[in-house]
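Each structure below is given as structure tokens.
What follows is a pair of complexes built around chain A, which joins chain B in one and chain C in the other.
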Partner chain A sequence: MDERQRLFAQVNDLHHTYLRGTPLETVALRGVSMQIRTGEAVGIIGRTGAGKSTLIQHFNGLLRPRQPGRVIIEGQDMSDPTLDVRALRQRVGLVFQRPEQQLFERLVGDDIAFGLKQLGLPADERRARVRWAMELVGLDFDRFRNRFTFSLSGGEMRRVALAGVLALRPRVLILDEATSGIDPRGRRELLTHIAEWRQQSEVTLIIVSTNMDEIAELVERIYVLDDGRVVLCGTPRQLFADPVVLRQYGLKVPQVSALVHRLSELGVTMPRVPITIAEAADDVWTILNS
Partner chain B sequence: MDNFEFLRNVTIGQYFAGHSVIHRLDPRAKITLVMMLVIANGFLFSYSGNLILLTICCAAVLTSGISFRFMLSGIKPALPFIAFLAVMQLFFSGRSYRPFGAPLQIYWEWGVLAVSNGSLELVIITFMRFLEIFLLVSLLTGTTTITDLTYAIEDMLRPFQRLGVPAYEISLIGTLALRFVPIFAEQLEIIMKAQAARGADFAGWGPFQFVKITRQLARLIVPLFVDAFRRAEDLILAMEARCYTGGRGRTHLARFRMTRLDRALLAVMAAFVVTLLYFRNQLWF
Partner chain C sequence: MERVIIRAQDVYYSYEPGAAQPAWALNGIDLEVYAGEYLAIVGHNGSGKSTLARHFNALLTPSRGEVWVNGLNTRDARHRLAIRSTVGMVFQVPDNQIVATLVEEDVAFGPANLGVPADELKRRVDWALQVVGMQKFRRQAPHLLSAGQKQRVAIAGAIALQPQVLVLDESTSMLDPAGQEEVLDAVRRLNQAGTTIIAITHFMHEAVKADRVLVLENGRIAMQGSPRQVFSQRDRLRELQLDAPPMADLAARLHARQPSFPPDLLTVEEMALEISRRVGRRREAGG
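Let's turn to the complex of A and B:
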């Protein structure tokens, strides 16, 4: 396998302007460059309006790059107008923000099966996959299958939207604020399920979030976007080592990392900056025992 | 390549901040001016008459500082429909439409179909009249904030209140309708993107795939309506929460005042339109 194929996405100097050529145009991206390897879990963080959602829509061809920007997805140049984006979108699953605006079928089961129907899968296969996806997001198949989509609560809608994409069994899963609006326990369950599934099937995971606590445990690398540019990049541990820099971009380190920074201000030195509660507990235990 | 940016095509109802003379006109005067021009538009069937109106519209757009290209881009999505109507007019009104100030001359005929100098003129004049109305309405909404527009309409309808015309409610309905056009364009974009992300195909619409197109449109329109109703309910709640009771006894912070320019422009335009309409049959061509 050559170097190119091992990269899921290669983005070079990407610019994007909404409503280009009108008096209302707004610049969303001002020269973003990044690389995402296949199988990697990457977090994209930044305050609202930083360009995160605009960026990820380039990953499945909903938005196309313009000169001089280049986006190469799985070795294919996205500015090529003859590219088969439908095939790409089946491999790259994107869950948008605001799920209550995305459900369009009458029944929950139909909505989740929409993508599978577009693929032309037989009915029993569709059913099996819908059941699998619903279980993955924590919805009971028999109870929710025939519910009206518009009568669901916000958290349930979010799960349905997620299941609709998961049912396609994408090789790349992009979540745009996918867990907001779900209670903390449901969120934890959901993320655990996704992490387990990721380990089994080696999917590439891209999570867009403003919540550092949930992103810290799941991802291997983080890109920080601000005002349409990549301003920081590194592992969670590298980024969370310095709360001052992140604060500059309107972001906070996870609570456990913040705790350790507070402790070090009080004169307690910890062996490392923990990014999960378990790590922090281990460290505190070691120090207390020594 | 599929493009989901619909907002780009919605030019009617979009406000563009500016400081031109047209922006600063009293909104009531602006509405009246537009109404006068629309009336003139309704009675002019000659090239020269419509050229005069079109010149006035273009001059107004230039004064406003809004780019022509952007304004006209709003017509683009409607072009196939306009072209279809034009072809119908060209072939079906060849015998019935009398050209302005010239004898009818049939160039080509076959059965009920006929092309004449009359039908050719009809097509061109119709397009000119459409363009005039389009520019006028875009200009009105483009240079007047929705709030100003509402209050102006309400103000102008007030004399009719004694006859039972619900002035405030009418202006409120108008405002809300205009206000929601860009929101629905955005909502449509979100729904289409959500479907495209799950494998729906919007780029490959062939011209004769009526069944496929209809089916896909239904799948877009139903959630759009559901969203519209939900927004309407939210709006009602928000209005009730802020003790909305209708327009009775309500005062405004900013009151409109006609300036000398407004009055002068109204007088000149009224005189001009009356003259134009009076002599509309004596125009050159």
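Let's turn to the complex of A and C:
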């Protein structure tokens, strides 16, 4: 297969400036380059204002690249003015921060089914997809479908908004801090469900977050953005090996990784940098009994 | 004995009280909050945390039961102003709480509307901005600040009214790790200066720093105690759809494999010291 087709996104030297030429001009991206393969799970991490949201809005044509920057999505040059972005947006689902602001129907079920209706799907197919999407986000179909959207808690509203995008079964799912405000346990369950679905159906998953903990177990690679640039790239384990560098970019390693660094200061060497609590428990058990 | 500043007695609340079978967001809450304490309230989404928080300054009043603030019943409309001057609130999204075009004007908004005289107003704004570490930004436009900075301005606006109690309703959940630290530092300084803190949060690492932790489930208090008492009960927390803080979880797993390992460690520092002490002892015994 052609190498370009197997890439979801290829970004070269991308710059972006808001309010260009005004006194409020703000530079958001200062030459970002990256590649995301089709079917890959990638984290884009960085503190508030690092340029994460600006970057991913180039992935479905909400923003277009300017010279000399280039963004190729699924083999299509995004600076091409004749590009059919509507077709692209049906394949690339983007869930924004505070997705609860995207709710507008009175009933939960209707809100999730809205996009499916626009696609003209028959009623039984719509119902099946709504049920599937609600299960994926952890909302019981029978209990929630006839609830009023305004009566939901903040976390429940976010799940409904997410279900509305998932019901469309996008080939690429981009979550832009879409899960902040959902409690940590629910958030992890939700992301784990999405990751399972991704593996089964070879969906490309891009998670934008300020929080290393929540994505460490879910993504294969992480790009760290700071001040509009890619400053680090690697597997979670590679990145967590250096908490000092991450702190410099306003980020924190998971506590189990921090433990390994504190232990090494105390003269105790652990076999690896753990990502999960289970890994840390195994490692500590080993050194206490070796 | 410690002074009770907020008392909730058998509080029920429903968002649709007229329904034949109302869903109770609060389901019989009995609670005393003590002056000067740092109370963390945790629970999964929909457990009733925010609903309870809104009862503390009469934004909501109970469907059944009573809430008193400094002995004033929140149901009595004549007490509203006194209650809201006593209990300040900061919410989740800072943008929704900022009203003015300059940081210092935003902080002054509350007390100015209460008719605080100019000299006193200036003193209060200075003090509030200093507590949250935002003096440098006083002439800036709030929308140009980072989310953590905006949230600190929102806190400054709340404390400029000099409340005895500050309620933070998931005030750090939309912030990045550095922003969370900024806000928590400001809150800790306030608590040390005597302000009672009620922090609604779903970040366990935040709740670890409180004097007392309350766990809500289905509008009821399911657990309460010191962070160490509550967070060492990993299995009970799991039933309540919560995770213990990472180090408490790790301690519980190690304790299960080796009963002599303490089950109630909470922080990275405690865990690192315990492991290094044990490794040291083995080395001595071995060599």
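Operating definition for what follows: the second predicted complex is superposed on the first by the 287 of 290 C-alpha atoms of A that agree within 3 Å, B and C clash if a C-alpha of one lies under 4 Å from a C-alpha of the other, contacts with A are read in each partner's own complex, and residues count from 1 in each chain.
Quick note on the criterion: a contact is a pair of C-beta atoms (placed from the backbone, for glycine too) under 8 Å apart; a residue touches a chain by one contact, two chains touch by 3 or more.
Just so we're clear, the structure is a prediction, and the values are computed from it rather than from any experiment.
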item	value
Touched partner set for A:Tyr18, first chain B, second chain C, both or neither	first
Touched partner set for A:Gln76, first chain B, second chain C, both or neither	neither
Partner chain(s) touched by A:Arg86 [first = chain B, second = chain C, both, neither]	first
Touching partner for A:Ser33 - first (chain B), second (chain C), both, neither	neither
Partner chain(s) touched by A:Asn211 [first = chain B, second = chain C, both, neither]	second
Which superposed partner A:Asp183 touches (first chain B, second chain C, both, neither)	second
Which of chain B and chain C A:Arg98 touches, first, second, both or neither	both
First, second, both or neither for A:Trp285, with chain B first and chain C second	second
Residues of chain A at both interfaces, chain B in one complex, chain C in the other	98
Of all residues in chain B, those that touch chain A in their complex	1-2, 4-5, 7-8, 14, 16, 66-67, 69-70, 73, 187, 190-191, 193-201, 203, 219-220, 222-223, 226-227
Chain A - residues contacting chain C, complex	47-49, 97-98, 151, 153-156, 180-186, 210-211, 250-252, 254-256, 258-259, 262-263, 266-268, 277-278, 280-281, 284-285, 287-288
Chain A-facing residues of chain C, complex	15-16, 43-46, 50, 92-93, 146-148, 170, 173-179, 202-205, 241-243, 245-247, 249-250, 253-254, 257-258, 268-269, 271-273, 275-276, 278-279, 282
Chain B partner contacts - residues on chain A that touch it in the complex	18-19, 21-24, 57, 60, 62, 64, 81, 85-86, 89-90, 93-94, 96, 98, 101-106, 114-115, 118-119, 150, 161, 164-165, 168
